[in-house]
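Shared between the two complexes below is chain A, which pairs with chain B and chain C, respectively.
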Partner chain A sequence: MSVEERDPVSGYLTTGHVWNGITELNSPVPRIVFAFMVVTHLYALVAWFLLPAWPLGQTFTKGLLGIDQKTAVAADIAAANADRADWMDALATHDFETIRADPDLMARALATAEPLFGQNCQVCHGANGIGGPGYPRLNDNIWVWGGTADEIATTLRVGINADHPDTHFAQMPAFGRDGLLTGTEISVLTDYVQTLGAGVMADDPSDGALLFQTNCAGCHGEDARGISGSGAPNLTDGDWLYGGDATNLRHGLVVGRQGQMPSWQSRLTEAEIRAMALYVEDLSGTAP
Partner chain B sequence: MALFKAHYNLEKNSIALVIGIILAASVGGIVEIAPLFTIDETVETLPDMRVYTPLELAGRNIYIREGCYACHSQMIRTLRDEVERYGPYSLAAESQYDHPMLWGSKRTGPDIARLGGKYSDDWHVAHLINPRAVVPTSIMPAYPWLATAPLAVDDLGAHLAALRTLGVPYTDEMIANAPRDAEAQAIPDSAGAAGVTERYGEATTLRRFSGTPRLTEMDAVVAFLQVLGQLTQAPYAPDAMLEQP
Partner chain C sequence: MISHLTRTERNVAMTLAALLALLGLTMAAVGNHDPMAVHGFMALGLGLVLVFAVGGVLEEPLPNPARLLQYYDDPIKVGIVLAMIWGVFAMAIGLWVAALMVWPDATFGQAWSSYGRLRPVHTTGVIFAFGGNALIATSFHVMQRTCRARLADQLSPWLVLIGYNLFCLWAVSGYFMGITQSKEYAEPEWYADIWLVIVWVTYLVLYLRTLKRRAEPHIYVANWYYLAFIVVVAMLHIVNAAALPVSWTGAKSYPAFSGVQDAMVQWWYGHNAVAFFMTSGFLGMLYYYLPVRAQRPIFSYRLSILSFWGITFFYLWVGSHHLHYTALPHWVQTLGMTFSVMLLVPSWASAGNALLTLNGAWHRVRDDATLRFMFVAAVFYGLSTFEGSFLAIRPVNALSHYTDWTVGHVHSGALGWLAMVTFGAFYSVIPQIWGRPAMYSPKLVEWHFWLALAGLLTYVFALWNAGITQGLMWRTYNDAGTLNYSFIDSMEAMRPYYITRVVGGSLFLAGICVGAVNIWLTVRGARNAAADRPLSPQPAE
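And now, the complex of A and B:
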């Protein structure tokens, strides 16, 4: 193996390796590659001073630019909030009538609420509030806890059977499971409740009517039209949250009903809750 | 140049070259990883952080078994759109009792780091049995067997003991009572319920998660989903977003 031999054509030294007569040159690193390496090192030097870089035991060099992900996201959010401050503040403080009277502000409210509804409400209440089994339809005019923007905002804040201290609370007892009614009585009641679409007849002497007045009227009302704000729905309007067929009615009487809606106060701001209340009111078509 | 000359010589000795490569490659790892164990800011302690109860841990094991992490992340990044959609960004300390961590890197479904308390138990049960029943456009698979499979609780003590060797502060009492506590958390009017609160704190939720009297895997999974983001309240503190390091 010969070293320090110079290739007569290129003028470079050879490595001393020859394969089938092909001599390997010991050519230097190309200048452009070397230049990039130098630039990379210079960039690293600058970055050490500008960006968080060197660990120092319990702390680290913070860099002259002061870049930090936590403060960066906080600043981003603060800037976005400042951008929307004029109308978000108005949504949070003005009364609903003032907001409804201002088309620009109302448009802002609905545009704010729509994605929030999609992210938070739609999984239960369905797209555009069409509801589902056990989850009330919102795009109608039937309300258990009130359908004005004020009442909707309250329901959003406190939830239903939720962990909020002022939550709306309602529970239908498990008449069957807890032995409040016998199987026969439940069958009679199931049949009777299915006839309520025609309304409650005065002085109805049937067993079903007597059972209803003794066990159900306290919450659902003597006329079975429900008591607004008590959580007990109207049973005469043909709108059934859990289904109005015998199987579902019977199941409700046996195991009781205690629907839940979470409290949104800790997840949404006051302005967002009020925008949402207006949006839901708008969905139901009851906006005054 | 002297540098190239030294390298030239290094290349001629294969053992020295291998050692050199190992040294050079490990520098990158060492300077990036080692300081994370010493810098105060990366070793947060949260005063109210609690451990998973046996029932929640059983749910977590089922979550891993069913591969939920392949489509759901549990890591809200420090980006405005993520914070506005999901809630406060994830803190490192929130995962301190997660072995293995389930941060994930793919969101076929949404991030669920702040899922706890967002929807009702009934919704979770209906959704796990058949996602299309509540979300017609969902592409999530159905997991109906969770509602019928009885929950295996006998080995939960061993799970707790294994986690203790990794630094999760489970006490001897927690390990000894694990199967009983798992049952009691899902049956709040049972005799063992007081013990769960006593051992795991007042913030522990005791209820019939699946809505049925029988203890099934559904109870465990729903209990786990309802505690996501709820092991500590630190991320929700109003100044957490603006805290300067």
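And now, the complex of A and C:
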């Protein structure tokens, strides 16, 4: 057991304990620690008086400010909505022609929709609607379910093959998997569909043309230009949702195609859906 | 090493190894078609290896009784080596995870390498496997030296060490296979959790028995901290891991709590894992190796007492600050926030006590990279505890929550405090227990120090910037009153910071690799043992 020693650097005595050579100074706790303690504890005390803080069995101390996060956030949302109420109401109720004619309202609609597009649509349709394999490009003039603001708004509301009762419904059968066509027939059709860029020749006697008219024309049309509103796309425009090469066409014929887009009615408000329709219409450059 | 065990210890070790093999066999048999079976085979393999290892020395002559006059350092050596192996592995995985944020396709299309599986491998690997082995190893060293007593027996330290590493192995390999309880920092499933309880209670009993044998009248501060670490982690783990297995033959279980209660229990656990695993335990480390290396008395005994009880009392209240602006009632958030602010005083008192201890030894901080590691650790301990209290204030948290600021904060603690103090402690203890005059290359220690510091600063500055930028982007409104940026906009803005983070992580990983090489070169072929003795008479004063 050692005795207290004076440390030459600090001038303090040690406590007299030694552990494997380690000693400790018996120096006082610096004043600033206590000052600091008073400040932080006062902060806590004040917060406990002002805010909901301590549990009391079934309830808790409510605090003098009467703040509660649930009512606070509800009030914040109400205030934000009130700020936007006039033009959001206009957006939800006026027809698109009127909205387009009002430059101020139109600017607000596009500014509202852009981040909403980034948050909700971009994950599939890509930045600025450039699309990707399986997800259509939106910044062009090619539309399966219609490209006017009204039609886009409808598609946003009901979705495609979605759970909405009035959803756009379209399914291409799995011709190969379900045995509707033989492997040879699918090969012939695959080759034929790749030639459709030149359009459908009248009275084409080839096997491909016959197979097409029997199996595909019902939806895609005798001229293969698609039938608007049926969900069957134009096959002659060189624009391919799933890729226009033999592998992808064959795959589509074998397993069919059942693309989906959710219904956005439960997630976006009517005003937001209409703002989005205008924004997407604007993206495609078809805005009249 | 095993031949140092007494006859009784060998017999008990043999029985335990056989029981482990049997446990593994049972898990492998009942866990048919379940990943738990893989863990069963691991335990079976480990058990069989141990049976043969112990069986090989069963009939060897009894160990020399003179060993009882020495400290028992073998488990410390193994613990240090394991910590370094885990450290290199887990930090390499961390680098991979960081790279995924820049090149998300770098999973090579494999399920096991997806982000959601790699991330817990990194966090568990660094915190529990690297940090835990470092804590266990150094605690064995510190308690023996400061108690002037040999470990209470020679078997339980091995049980703790091997058992704990089996837990880590189960945890990490389980994540790769998709086993998780989905609770952050508490992902392992029920059987691993039960196993950890057994290991941890053994650890506690060993610690208490050794303390009881101490030849010093007082218990040194470092031991208070190590003990707080062991006791509170046991309590946290047992409560938070409470779960009901779907069946005894599979890994899946459901937590005992649900909804907001589950969230509160989880973050009561989660924050106190930070407090008592990543803080108390490593403060124990700092309180021993810093004064030894600086050759200075602790600045203030009274400050030690104040900060120990302050930290131990206040930390247990603050977990709710992880759940600001959630379904958690407002009053619980207020308590978490205010206690977090009060906690700053004892935290800074600890950091200040360490830094003031260096008064009179600043020339050593300048010249000795080992001490400099611990100096930087104390500075970053102070910085990250300030940051922690600051981020716990609700309006600040509104900006920082869910951003990379949180990730930056954790790494300022994990790299700047936890890893730095561990390296300082390792470079102090390794030459001593392997009976070498110094590390193989002091120059490599310098290299490690500067690589680690450069990596640390690069990393945390990148993520501070990233987090604040994200937080600000997420709350920017445009003239129409709509949020101006989508989430993907903020992700695109993060790219330069994420690249910088990869650079910082690479530097830090390079540092620990240099350290591992240096440690290997130091201990390779070392035949000597620590020169100090527990019962040698103390120098006359």
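A few remarks follow.
As a working rule, the second predicted complex is superposed on the first by the 237 of 288 C-alpha atoms of A that agree within 3 Å, B and C clash if a C-alpha of one lies under 4 Å from a C-alpha of the other, contacts with A are read in each partner's own complex, and residues count from 1 in each chain.
The working rule: contacts are C-beta pairs under 8 Å (C-beta built on N, C-alpha and C of every residue); 3 or more make two chains touch, one makes a residue touch a chain.
Only a predicted model underlies this, so the values are computations on that prediction, with no experimental measurement involved.
Of the two partner chains, chain B and chain C are each touched by A:Gln69. Contacts of A:Ser230 after superposition on the shared chain: neither chain B nor chain C is touched.
Once chain A of one complex is fitted onto chain A of the other, the partner contacts of A:Ser266 are limited to chain B, with no touch recorded for chain C. Measured by the number of chain A residues touched, the leading partner among chain B and chain C is C. Residue contacts after overlaying the shared chain place A:Thr195 against neither chain B nor chain C.
When the two complexes are overlaid on their common chain A, residue A:Ser27 makes contact with chain C while staying clear of chain B. In the superposition on chain A, contact of A:Pro55 is made with both chain B and chain C. Looking at the shared chain after the overlay, A:Ala44 reaches chain C, while chain B stays out of its contact range. Shared-chain residue A:Asn128: touches no atom of chain B or chain C. Once the two complexes are overlaid on the shared chain, A:Trp19 sits against chain C while remaining clear of chain B. Comparing which residues of chain A touch chain B with which touch chain C, the overlap comprises 28-29, 55, 60, 68-70, 80, 119, 122-123, 127. The residues of chain C lying in touch with chain A in their complex are 145-146, 148, 216-218, 220-221, 288, 291-292, 296-304, 306, 325, 329-331, 333-335, 337-339, 341-342, 344-345, 348-349, 352, 359-360, 478-489, 532, 538, 541. Listed in rising order, the residues of chain A touching chain B in the complex are 28-29, 55, 57-60, 68-74, 76-78, 80, 119-120, 122-124, 126-127, 132-135, 163, 259-262, 266-267.
Per the touch definition, chain B reaches chain A in the complex via residues 4, 31, 34-35, 38-41, 78-80, 83-85, 87, 89, 117-123, 126-127, 133-137, 236, 241-245. Looking at the complex, you find that chain A touches chain C at residues 1-3, 5, 7, 9-10, 14-15, 17-30, 33, 36-37, 40-41, 43-44, 47-48, 51-55, 60-61, 63, 67-70, 80, 83-84, 107-108, 111-112, 115-119, 122-123, 127.
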